[in-house]
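Two complexes are shown next, each including chain A; its partner changes from chain B in the first to chain C in the second.
After this line comes the complex of A and B, so read on.
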């Protein structure tokens, strides 16, 4: 079991939390949806695992490289 | 590794008249092949790195390396004037072939004085650059250490401080600049690369570093004296440098770096005086991929993966991405269409919806300049909602970098074809064809465009109507519905404001046709452009 920090790859606003703590996800599943330039940009699970924490809230302004979730893989 | 044995000489029936001199030549060569000595070579290997001679051996086609100046170095003699030891210069260079094509290879020997200037003999790397330039051959620089740059030790060994460039010492910079407009230049950073080494790595058309390497203007000892201590990796590791766009690509092993150099060169001519070879194409130029019909979501706010679309339309397996981690809203790389090398730009909506940031614009300039220099037609798969907006975008001078990217496009003379995949908005929306020159353009069924997106655009243009309305929200929706009815791309085509809307499955056949149409336009005459790094 390894803990993975999932980061946002762009400066944007958090639009929607798709997979809250406790959700099990497969690689490529959407964890959080960001909004930038009117587009919905998903943050994808880098591997199979369980979301252990969401580190942002809907509406938050976040910057590139900021951690948005923790995943137990 | 133990010291290499002296090179085998063909068995001669009897010693010739000049045998003693030949023996001395071979002796000196055997000294040179020991590089910095067994201990230093072992340290290089223990750190997981190859020696400069092993690197050159692996880059070159087997047996093709012809070295120049192998026995230049510093010698020690006994009281009778007999050679005791020869420490070679830490620049190893010569010519070779890579995939059958002549190239110049020049490498730093880190086992000799860490690759720094006091052991280089400055004419060696300079002559390598000149040979590439004057004999019109690509050059691959294998860089480690300070790349022949200074060390403060030089103050003691020469008894004076060096004004960089000095008098008549700017030759290397002359050729590192000239070569960008003359021959393909590849840089491989394999180890710690600093100072002049970093400059030689960055001043290339394509650069690769291994993930265990680091590149910086000055390393941690210098930087730590000025502030907080940093590690080599934080300061100049691959994540720092590839994201910053100073290095194009990072790989795990040196062998992968060599493969990248080969692959990059395969798309380019040997110099600006030639055009890229046309290779036989095994992929059907008429292939129509059904997946393209469903590639773009109908929901306008939803993003999609652009890379599979690129793979779908170019010759199978031919896409070679460059600069993946920098300016990520635009994907750039080389590919083939019906066997012809082309430069591909494609938006990535996962990054700012495909908007051009200041970084993206810098990436565009360098990439178009590369295409122009080597006569490569450009294909642009466009989904660009505009230049990036917002405070951060203004602070990074997005608009100036943007018009610079447009200028690069407008100054280019290479054949151009744009496919409007989805968005084309604002000034950046116009940045899809060279101004004043006829280029090919097709719009997918999913394409849409405008001077400004409706969202926010309505509030700006219909302010008075909205302010006067009893229910501004309802008014906004009403205006939006009205405008949406009018902005079907078919209405644009009706007035010939766009010339062709296509079934996306036709993209590959049309792009291959463009590549063939471009054949007579690919002129092996040097571009007027003087490319900058």
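After this line comes the complex of A and C, so read on.
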């Protein structure tokens, strides 16, 4: 079991949490949807696993590289 | 002339409106959110008023805050630009109620053109051809007969649907029943299983007519623009004249567009959008009305370049009650103009937006047929709150080939530090055989992009 930290690709606002703590995800599933410059940008699970923590809240302003979620793969 | 004019917008369009006002001696008032306190459009105006926090809903879409700013600054007219509140009938009414001149059409015209069904009804009354289709309650058998009459492929759309949901394409009669059943199932999720049919145009071109109407019943058109190169329904490159357009078809589309504007009691600048069947040469029987945009368009400069007119000046004169400066037969179209939208996004990362601090920004110098309408400069910070367009590059040349080459060259000269630009992608697009040939459809960019990703271009 490895813990993976999923980070934001860009400075943005957290629009929607799609997969909360405890959710099983497959690689490529959307965990969080960010919004920047009028575009929605999904944050995808890098591998199969379980979401153990969401580190942001809807509406938060976040910066590039900021940790968004933790995943147990 | 009316003034001071409050510009209820930001970025390049606010700068562009301020520029015409300055030339005409009209005082301007900028509005800004906290994210834009030092923005270029604030510096472009004579004075500026804060309207709220960065989020558009709390600032550039905040009607009471904008009206308060107008009052504080003693503005007498409001120019909405494009986007934000420009097609909001309530805002137009609120301006009028506050004693301000709204530089745009009457609220009734904005409302009539705001809904697709209502706009189609106006077009029908004005005798403007619509895509062959079928509307209203019908049994499955009746719909199947209607589809055969329309001709395949046919789009089946949930009347209450949206965002692509409840939409199915039937390629032929054999596939119709299954597509209809699927569309009805999805439509039922919207609480209404009613569907409409519309002829599907697989190779669609986007052609639009610029119209102008004054308060004295005069309506004219200023020719067309071809805005087919699009990505995710966002226009990226626009040109005038449209490849393959002749004077007779332009006159016919002008007749349709002005008839529509008259029918809806239009005043000011407007754009009537059509879809053309790109699998055939442009002709009167293969182009149909889609919708009307009741504002100045992003791409209005290409029309300004080929007509030699300033459309913002016309908007101000018409709002002040003046008659249209030209009659239809006095409008002259000269040469070819093309615009490209320079955006802070990264083509190599699937066009991911690229907010950030702009440490350096080199845009090509205007002149020699090049116009640059910019909304940011070096030292600015692009925030995630607003759209990624930072400038429009527009060229005017005697021929289409010369315009394409000049614009590609201008894009090559764009450089930024701190943000990514889409200029390399746009330059490659303008140099592609398909663009040089002309008449691409609205799906071309998708295939071009895939091809471009497969073969990385040299930096």
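As a working rule, the second predicted complex is superposed on the first by the 73 of 73 C-alpha atoms of A that agree within 3 Å, B and C clash if a C-alpha of one lies under 4 Å from a C-alpha of the other, contacts with A are read in each partner's own complex, and residues count from 1 in each chain.
Here is the rule we go by: a residue touches a chain if its C-beta (ideal position, glycine included) is under 8 Å from a C-beta of that chain, and two chains touch if they have at least 3 such contacts.
None of these values were measured; they are calculated from a predicted model.
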Looking at the overlay, does A:40 come into contact with chain B only (first), chain C only (second), both, or neither?
-> first
Please work out whether A:13 is in contact with chain B alone, chain C alone, both, or neither, and reply first, second, both or neither.
-> second
Jot down the residues of chain A that show up as touching in both complexes, chain B in one and chain C in the other.
-> 9-12, 36-39, 41
Interfacial residue positions of chain C with respect to chain A in the complex = 344-345, 349, 352-356, 382-388
Contact set on chain B toward chain A in their complex = 301-303, 328, 349-355, 385-386, 388-389, 392, 453, 455
Provide the residue numbers of chain A that touch chain C in the complex, in ascending order.
-> 9-13, 35-39, 41, 61
Could you please specify the touching residues of chain A with respect to chain B in the complex?
-> 9-12, 36-42
